[in-house]
Amino acid sequence: MSEQPIIRRRQVTTGISDSRVNNAKTQSQYQPYKDAAWGFINHWYPALFSHELAEDQVEGIQICGIPIVLRRVDGRVFALKDQCLHRGVRLSEKPTCFNKSTISCWYHGFTFDLESGRLATIVANPDDKLIGTTGITTYPVHEVNGMIFVFVREDDFPDADVPPLEQDLPFRFPERSEQFPHPMWPVSPSVLDQNAMVLGMHRTGFGNWRIACENGFDNAHILVHKDNTIVHAMDWVLPLGWVPTSDDCIEVVEEEHGPKGMMQWLFTDKWAPVVENQELGLKVEGVNGRAYRTSVVMPGVLMVENWPGERMAQYEWYVPITDDTHEYWEVIVQVCDTPEERQKYQYRYDHVYKPLCLHGFNDCDIYAREAMQNFYADGTGWNDEQLVSTDVSPITWRKLASRWNRGIAKPGRGVKGAVKDSSLIFKDTADGRRPGYKVKKIED
Amino acid sequence: MSEQPIIRRRQVTTGISDSRVNNAKTQSQYQPYKDAAWGFINHWYPALFSHELAEDQVEGIQICGIPIVLRRVDGRVFALKDQCLHRGVRLSEKPTCFNKSTISCWYHGFTFDLESGRLATIVANPDDKLIGTTGITTYPVHEVNGMIFVFVREDDFPDADVPPLEQDLPFRFPERSEQFPHPMWPVSPSVLDQNAMVLGMHRTGFGNWRIACENGFDNAHILVHKDNTIVHAMDWVLPLGWVPTSDDCIEVVEEEHGPKGMMQWLFTDKWAPVVENQELGLKVEGVNGRAYRTSVVMPGVLMVENWPGERMAQYEWYVPITDDTHEYWEVIVQVCDTPEERQKYQYRYDHVYKPLCLHGFNDCDIYAREAMQNFYADGTGWNDEQLVSTDVSPITWRKLASRWNRGIAKPGRGVKGAVKDSSLIFKDTADGRRPGYKVKKIED
Amino acid sequence: MSEQPIIRRRQVTTGISDSRVNNAKTQSQYQPYKDAAWGFINHWYPALFSHELAEDQVEGIQICGIPIVLRRVDGRVFALKDQCLHRGVRLSEKPTCFNKSTISCWYHGFTFDLESGRLATIVANPDDKLIGTTGITTYPVHEVNGMIFVFVREDDFPDADVPPLEQDLPFRFPERSEQFPHPMWPVSPSVLDQNAMVLGMHRTGFGNWRIACENGFDNAHILVHKDNTIVHAMDWVLPLGWVPTSDDCIEVVEEEHGPKGMMQWLFTDKWAPVVENQELGLKVEGVNGRAYRTSVVMPGVLMVENWPGERMAQYEWYVPITDDTHEYWEVIVQVCDTPEERQKYQYRYDHVYKPLCLHGFNDCDIYAREAMQNFYADGTGWNDEQLVSTDVSPITWRKLASRWNRGIAKPGRGVKGAVKDSSLIFKDTADGRRPGYKVKKIED
């Protein structure tokens, strides 16, 4: 006979507490966010740095599960769905262009108009009745100050409804100086500013974009940075962390025509530095360090003002590739009006900011994000996590993102990551290659 | 509150077109083909080259999700299911044979009769009542001119119904010379011909067998070959492609006792070379190259007549291993009646055909096939693809394959690939090994 | 039109036999065992050797899908769930401890009491209302003679019900000498004996823990060892195998307060050595070798008495990590009352037992276990396997395990292995790392 195994039960004294701030009611307010494993669609995302796409160069990337091919012609960048409508291969795998107004599939010669995506012709089948009746989706492009942005949209999202890039970028100054005064530092430069010099890097993060994004403006993760070289090099004395002291410690911005996001009132009396933990016998004296302020706007763009130096701002994007990978973008912006200023900034970026900040400092954020992936990957983390008062930041973000996203990306179809482990991926890993962002070109 | 995100809709102006030739009605005619991810069963497939299985050697392979072990005794090759009925290990992992008429499992000594598959004895349990009451499936073998073919069948497929190998091989000549006249070249040799010398290779392709197979006789993929060394070495001038000019451009053969397949009337007025594409300003003059003709028969065997040289034919198989890997076979056949002819052919194969054709030329087909895998791997590609008039070839093939296959292979049970990512595979890849075709022997 | 493919049916003459001993009725008696892919929970398992956890060292492991962190303070070992209740990262990835009574999360400073698991404080949020209201599960620890054992339990399993370690360890002697007399050898030492010297190793096995465990006491797998160096070095002449000759060849022990398990009456008239197989013409003469006896107790602990030498016993554990990996433990125990004895035993272990037994001999068991994984990984093996009379051992084990386990582990939640193939794992393998047992530390 087969008895069921004996299970003894008792009152749970550890485990999930009702005192957590993200109870069921709170969670119900950001369900759309929980559903956005593949990202928010119909938003602007950075695709490449300008220097990564030379004249006539073709590159393929993937954002929100959508393969995208970019080509630059006479300086202008075009973006189309990187999946031939015929047999689904990626055009970018073997770039084939016969003129300046089209891109052709290297396999069967299906040729698409760069401007409209329309099937313009088929190399070896010029009279086929399919020509002109179909096409692939195009994606609006905005290139500014060294960055190429793409509006990643659903196939049926109308051109007329495409918002300006500004609506998906952080709050700008001095326009917002009155709304968000910051006596402690000069106005923060924007990627869109005239003479803005944008320096930075991007790499693939192995984890979902949401847990990466939340780490960016989480005010309680200071611990991971305590041993950073930059901290000690600058003789900073960091507090143990920050706690909100007022209900309006975060300001949510939901103006109809502006970016939707939130600003955190750091370095004001709405957030208090924690300098002591009696339980642990920890005490910090003579706190000093760089004053900064973080904000985040849809679709997940971080701005760190006055960081990593004066008259600078660091911006970060966590661009969804699949549901378990994202492209991590870090850029530092400074306005440089003269060649001398540009040269000086470039030098300082190469020798200080890139090695000590974008790497040394932010590398710690990367392992923190990857460390969360197993917990959230199977969906259980979103329910099991127990958040506290300092998590007002991610919770506020989750709610506003649930209200203001322009669409939730569906799981990728017919793309890398749609089926979790194709032998193709096994072959890559077995060959010692890592899953990546850019499409690997075929060697002739 | 949690609003659903706003979605704006409009008329779709790009996307899937009704003008494609594979509309819903057409697709319904090859549903069985769409279901055959793991291949067609109850057919003949190549297993190994004769030189890969020396006297008394044992090798394990997998076809259509079925593990198969081969052993050669006194020259004769036997094939059985390579999965011990006791605890399911593969006999081929550690070949153990105590006599010429059986193969024993290296683990617990279950011993099977090579001829019948019957459980003949158990090394350490000679009187067990299971002996003689059960066994493993055997697979008919046909070895000819250096190739070992196996009839891969369902466990209950009767010996009496096993068709001759000829029924699963390409159309033969001169028998078919009247039916398929070809003034431009001599009769094509067959693997079955007397004194046929068969040279070739096989390797694992990472992708489903169907998309590999369709590429083999697709007349529109000429683009991928335009830069091949062989093409330039021979001063060939290829057309942009070929378009059908007549409804009978392909002849379907469905005789009761012959191979089921199709012959393409290439290099006749039923197919026109495309030498110009005005839209792209492309024009080809003085077309010349090697005249050839492709046909395909169940279960997916390609014949390229008059290729890569005179009095030769290239045959290809795309043998399903799992639903996302296949073994790609390429062989070139020439009849050589004298040792001199054999020696000369071998030399030319080693120094021209293998490097420039089987590798240089067909390697381009391999990357084209792998490039399609993501699109078809999750099943969406079969519905999303938009085929055109030149795709009459794959569509005709899909329909006849749906009508004439002898069975659709079920997903593998208890074999590699049945569960997508076992830690065993991870261990392999982590150790720098690629998923392969032959079973890796255990080192003592 | 799309016909269904023609399928011909006939009487099955091979395939699964009714004569197998594990028919449907028998299988129904061990359904709970078939359900225990992730292991049995609420049992004692070895976690680490004492020398692997120095004073103040922190290590993370995973057992039954549960991440566990161990820390040694003032000699005492504490074990807690290695998953921060805040955002789910593993505490062990970057050990952070501010005092002797707690362990803190390196990410946001959540600090847990080592003794109770209670959330004691949050480094930068000392007044949060969550503090004291929640916590993480703790696991009772028992360290003895160089081994650290952990009681792996469900979150709500009461301390009061935790059984002593003895209940999950093999039968002890001389207490059992009367119950299990063994004239052929001295009493077997136990891990718990005074002055017991325990030497051994553990490594990750790629396969489910059950098929690994069953191999340990399976009396029919002698074939895999026939070529072992130790066998030839000792001039052993092994029989072909062993067959049961009596219904009481195995004694099941189910006393209320003792270990639940079974003892096999090897080297008695209840098991007969097989020295001949006429069908294969095999005959063994002058059988001689080391007399031993195997038993197994819940949750899957093997004892091999009088092995690999006199006054010794080998113990093995197959600790579930996920449903397709387990940690394989092999230890050899000998009582050494003097430094000279200890030194001599250590020398012999280093130069004979470890290389020739734990490696040479048992390595053959490892590949046998991994060879079964594909067959059982998709669940089909448990139904398709055809067991015989010598399999009375695993069948008896499966039944008693189904009756006496203290709980069936649920699939891991939010841990490595819960989602089969996260990109994190791909990244690991692509970087040439193998999935492992201990958590890989983050390099600063």
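Letters are used for the chains, namely A, B and C, taken in the order the chains are written, and counting of residues starts over at 1 for each.
By definition in this document, a residue touches a chain if its C-beta (ideal position, glycine included) is under 8 Å from a C-beta of that chain, and two chains touch if they have at least 3 such contacts.
Everything quoted here is computed from the prediction, not taken from an experiment.
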item: Interface residue identity across copies subunit B, subunit C - same or different by half; value: different
item: Cα superposition of subunit A on its sequence copy subunit C - rotation in ° rounded to nearest 5; value: 120
item: Distance from the mean Cα position of subunit C to that of subunit B, given in whole angstrom; value: 43
item: Subunit A residues counted as touching two or more neighbouring chains; value: 420-421, 429-430, 432
item: Interface residues, subunit A side, partner subunit B - complex; value: 28-32, 40, 83, 85-90, 93-94, 96, 98-99, 102, 104, 106-109, 111, 117-118, 120-130, 133-137, 154-158, 161, 402-408, 413-416, 418-424, 426-427, 429-432, 442, 444
item: Contacting residues of subunit C [partner subunit B, same complex]; value: 1-21, 206-207, 211, 218, 220-224, 227, 239-243, 274, 276-282, 322, 324-325, 367-368, 370-378, 380-381, 384-390, 420-421, 425, 428-430, 432-435
